[in-house]
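The following blocks contain the structures, represented as structure tokens.
You will see chain A twice below: alongside chain B first, and alongside chain C after that.
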Partner chain A sequence: MRLSIKMAIAYLVLVLMSIFWLLPFYIALVTSLKTHRETYVTNVLQPPSHIYLGAWIEAWNRVSRAFFNSIVVSISSTLLCVLIGSLGGYYLARFRFRGANALFFMIAVGAFIPYYVLLIPMTRLLASIGLFGTLPGLIIAYVILFSPWAALISSAFFLAIPRDFEEAAYVDGASPLQAFFRVVLPIALPGIVSTTIIVFMNIWNEFLFAVSLITDPTYRTIQPEIANLRGTTTVAWNTLMAGSLIGVLPPTIICLFLGRYFIRGLLAGTLRGAAR
Partner chain B sequence: MKLSKIRYFLIFMGPILTITIIFYFMIGWCIYISMTDWRSARVSMKFVGLRNYFDVVQSREFYVSLINNIQWIALFMLPTTFLGLVIAYLIILTGKETIFRTIFLLPTAISMVVAGTLWVWMYATNGGINTLLRMIGLGSLARPWLSDPRTALYALIFVTVWQYLGFSIIVFEAAIKGIDRTLIEAAVVDGASGFQVFRYVILPQVRHGFLIAVPLLGLSALKVFDVVFVATRGGPGISTYVLAYYMWVKAFWWRFMADGAAIAVILLLLSLVLVIPYATYALRRWFG
Partner chain C sequence: MADVKLDHVTKIFGGRVVAVDNITLHIRDGEFFVLLGPSGCGKTTTLRIIAGLEKPTAGRVYIGGVDVTDLPPKDRDVAMVFQSYALYPHMTVYDNIAFPLKIRKMPKHEIDRRVREVARMLYIEDLLDRKPAQLSGGQQQRVALARALVRQPKVFLFDEPLSNLDAKLRIEARAFLKRLQKELKITTVYVTHDQAEAMTMADRIAVMNAGKVIQVGTPDDIYWKPTHVFVAGFIGAPSMNLVDVSYVEKEDKVYLQGPGFELDITPLASVVRPRLKHTELIMGVRPEHLEIVDRPVDPHCVPGEVYVIEPLGAETIVNVRVGDSIFKVRVLGAVKYNVGDKVYLHFDLNRVYIFDRKTGEAIII
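What follows is the complex of A and B.
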């Protein structure tokens, strides 16, 4: 009996907290399905009297270009970061060389400091190679910012893999590159998926560089576009909420369906040691 | 043999090494820019020493931003770590880990821009929070949270608690799961209540969780920018200014690039207080 009361309290706290934690999403959803008039005259918690998709259509027209820009930027820079990061992360996890500790330390410090410190020089760097204000410029910026992250996170996963497989490959005469691509990567695939997810989410959600390095609205990515919607006084709440929900679609889908990998990636990103 | 070793070192480490070098070169570059007279749309690299730092530090915006960042760190870190630990414990207790974890992680997965936007609507005069307060008979507390300078900062701090709680939960969940089960079982056999188990067995054993959560959450609070940008633009007045936002306003609004760079360097130095011990600790766990 005592035990079940304890459980009841645990459930009560968790369910109440969960409802409150989901409330902003719920309100955003119902608001996005109301007409402009209805958002003003009805209670925010109340579901719409009928499903109205006008706000979603308007929001999509306003943010679709930015959404595709973000897809291009996020996918290409994520792939580059993960390639660069996992090559380095593997070497850091497996081979002892002079300066390995110092290098690990430098990369870790680079991954944790406020990356804002790179912003102003980045405008100069990109301007000097003629890529300021372009999507390739933004991709370069993200590769510089997030490759150290990718190296650290993937390294945590490589550390957790037993050496036996590679050693067998070496005995069979494989080169380190062959061993890496044919033996290690397939075994480390779940870890690589986690790394990819974390880097992708960071880049998709990144705002400061996106808003500062792109000035032409044609090349704007999704986060600045949502901030712009929010700053435009003529945009109604229903459109703004629909636009926000469109903007969180990729990370939300990942969180719901690949949550396990997301969590493992988050934990590996804390550098608590080899990722289990 | 020696040659091929160098070759493979370059293939594996070359790209990340190059990027790390560029990364640190750019930090140095930022420090240099912070000591120039680049204070307009036209790039100028004349060296002026620490003048920009004196100007920045003496401004009222800097003072308000610094105080706000300090408040942000304290008022964000404490509830987020504490709630994270308690909820992680409750989640493990119920055994319904997947569902609850997913719910609390959703805000962690979305961008701070969207989080800010959703909460602007939550905090609006007829938004979610005020509606809820009226529903439970606390209508007198209802207010325009973000346009009242007394509540705006704390309202924004709460948005970050909402966002990072999921992260804190999974850190503590992992820490609790790392505890030897037999310790908990022994305590239960000895007749300890749920609270006693939590207080005397779990709390002392999750030290590692605190060592991760506290510095990383502190850093997040120091870096906070997006939510201020979308929700209040630093207002009302300058009441919700934070260092990162002040940097952006100086550099990209007023085009005082050198001043912006100086603020960025100050932000970097402040962060090193947390980053260096943390990286050292991580390094020890990594290779030790």
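What follows is the complex of A and C.
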């Protein structure tokens, strides 16, 4: 089959865009496999003369504790956000009550307010309940920050589910909570997975609160720890890149495994029936 | 087993839209009761009020003598089949049918026994492991029915359950549902806009329009004795010929005068005259109660011309133009007439309906 000029140009643009997007990853990968000296004397695009794993070992030794801290913080706060957010989102999507619009507006404001505005109040709040500088404190901060997001995103998915399902469940003898957990939630699963992924990524990548609310290195999470890899006198680019790649590993794995759900979920609002 | 009573039930949406307007109905124990009407007439809202999915703005609902107005659906012991069937897409057929029993925490072996029993009754035993998406429309409909049946509820509620089936399957399902209901003797409220469904299945029908019940009666009553011009026009296919006429007395004879024709109704005069409030009327006559004749056989004939012939095989619908009106006439088998033939329409005065044009109410039934 002959490629038309139009198609050829389209492919060319796509290939160029892919290169453009993948280039930073490529540079990070080759740099992480070079020795410290080689990172300074060779071009950034040049592959390493031989594979050197020292930087990876060094990076892992320095970020592993923070990595597991991040896993604990991200998973627990994501689960709480999605639980609270999806119940709230369901209520917003389904029940018309006095002040519903005002509440929706406030949640939207809560979600879209520039979040660094909340840094000082959050610090004071956590300090006043004695959780400043602790992992539970950070988890609470993230739940406060991201459950409005979870509510807004999930409510869009719930709106796409026909009401008949839960009404059938009510008539079949279910209470509203039973209808939610046994009928609505399983049907909304792709949407819930999408919400979970979005919230998880945001929490995993969060830097400002992580660096401000945690002072003890024992409890530091991955993003501030990666920033620390830079060193104080010279920049150890190979270690920094290895650490960064370790840092993007969990989100990447999640996208690879749950990407199918993610796409289906994102389409749920646009294509009727895609959520089912 | 229970009867259902609606006592002056009104439902207003958003403070403005009156969906159900002061309805009082008594649905008897074990009865197959059909709510019939055009879309938007409030029949589905009425059903949802019985189910507990809508709260009436005013009035009370009783099931088996108990006031259930303030009870949630789960405490009313009713089962409902939705127009969309609303089968839970993430569950197998088995789990769908078992759901109402699982929610009630019934022992596992009892659930299994009941699910299999109802599946056998509805010929869906082979489908128990499938997901709803893998079923045909007719199979989905049976599963929805099974889910409603498995609990042996006090009242069955059907919201246009056959409207998603193709024509042939719909007629089969109609007979099947009717027989099932007669065997189980469970009080059934059935919503439809299809008058053929209502006529064939119902013990009694409530014809609704604009949120009000216009007439309640057996299919025979509704067909033969419509109390309102709306009922007369809604029931029957093709529908009743309805023509605006005036009541005219000339010498010692009485006529219904339409656009370009007049029909001698002198024998009816003694019945009609005392009930008249004014002379503006609607005359109704069913296509099956008109006869095409070559020459006037008695005074109750009017001249016309064959306008359109619609053959349907077993019967033929002949459109006859009389003055400025078209009358549809149902004739068994084929007809000998051609378009343009001059003919007479013979009216059987016992089968002529007369309605008040202002109120729509029947003057003679």
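To be clear about the criterion, the second predicted complex is superposed on the first by the 247 of 276 C-alpha atoms of A that agree within 3 Å, B and C clash if a C-alpha of one lies under 4 Å from a C-alpha of the other, contacts with A are read in each partner's own complex, and residues count from 1 in each chain.
By our rule, a residue touches a chain if its C-beta (ideal position, glycine included) is under 8 Å from a C-beta of that chain, and two chains touch if they have at least 3 such contacts.
Because the structure is a prediction, the values reported are computed rather than measured.
Student: After lining both complexes up on chain A, report clash or fit for chain B versus chain C.
Tutor: After superposition on chain A, which the two structures share, chain B sits beside chain C with no clash.
Student: Touching A:112 in the superposition: chain B (first), chain C (second), both, neither?
Tutor: A:112 contacts chain B only, not chain C.
Student: With the two structures laid over each other on chain A, which partner does A:91 touch: chain B (first), chain C (second), both, or neither?
Tutor: Touch partner of A:91: chain B, not chain C.
Student: In the overlay, work out which of chain B or chain C sits against more residues of chain A.
Tutor: Comparing touch counts on chain A for chain B and chain C gives B.
Student: If you stack the two complexes on chain A, which partner ends up touching A:129: first (chain B), second (chain C), both, or neither?
Tutor: Touch status of A:129: no partner.
Student: In the overlaid three-chain picture, which partner chain does A:167 touch, first (chain B) or second (chain C), both, or neither?
Tutor: Once the two structures are laid over each other on A, A:167 reaches chain C alone.
Student: Once both complexes sit on top of each other, what is the least C-alpha distance from chain B to chain C, rounded to whole angstrom?
Tutor: 6
Student: For chain A, which residues lie in the overlap of the chain B contacts and the chain C contacts?
Tutor: 175
Student: Contact residues on chain A for chain B in the complex?
Tutor: It is residues 6-7, 10-11, 13-14, 17-18, 21-25, 27-28, 31, 40, 43-45, 83-85, 87-92, 95, 97, 101, 103-110, 112-114, 116-122, 124-125, 143-144, 147-148, 151, 159, 175-177, 180, 201, 204-208, 211-212, 223, 226-227, 230-231, 237, 240-241, 244, 247-248, 251-252, 254-256, 259, 262-263, 266-267, 270-273 of chain A that touch chain B.
Student: Touching residues of chain C toward chain A in the complex: what are they?
Tutor: It is residues 51-53, 72-74, 78-80, 82, 84, 86, 88-90, 99-100, 103-104, 133, 147, 151, 157 of chain C that touch chain A.
Student: Under the definition above, what is the set of chain A residues touching chain C in their complex?
Tutor: Per the stated touch rule, the residues are 162, 164-165, 167-175, 178, 182-183, 186-187, 189, 276.
Student: If we count contacts the way the header does, which residues on chain B are in touch with chain A in the complex?
Tutor: Touching chain A from chain B are residues 8-9, 11-13, 15-17, 19-20, 22-24, 26-27, 29-30, 33, 43, 87, 90-91, 93-94, 96, 98, 100-122, 124, 126-128, 131-132, 135, 162, 165, 167, 170-171, 174, 194, 208, 212, 216, 219, 222-223, 225-226, 229-230, 244, 247-248, 251-252, 257, 260-261, 264-265, 267-268, 271-272, 274-276, 278-280, 282-283, 285-287.
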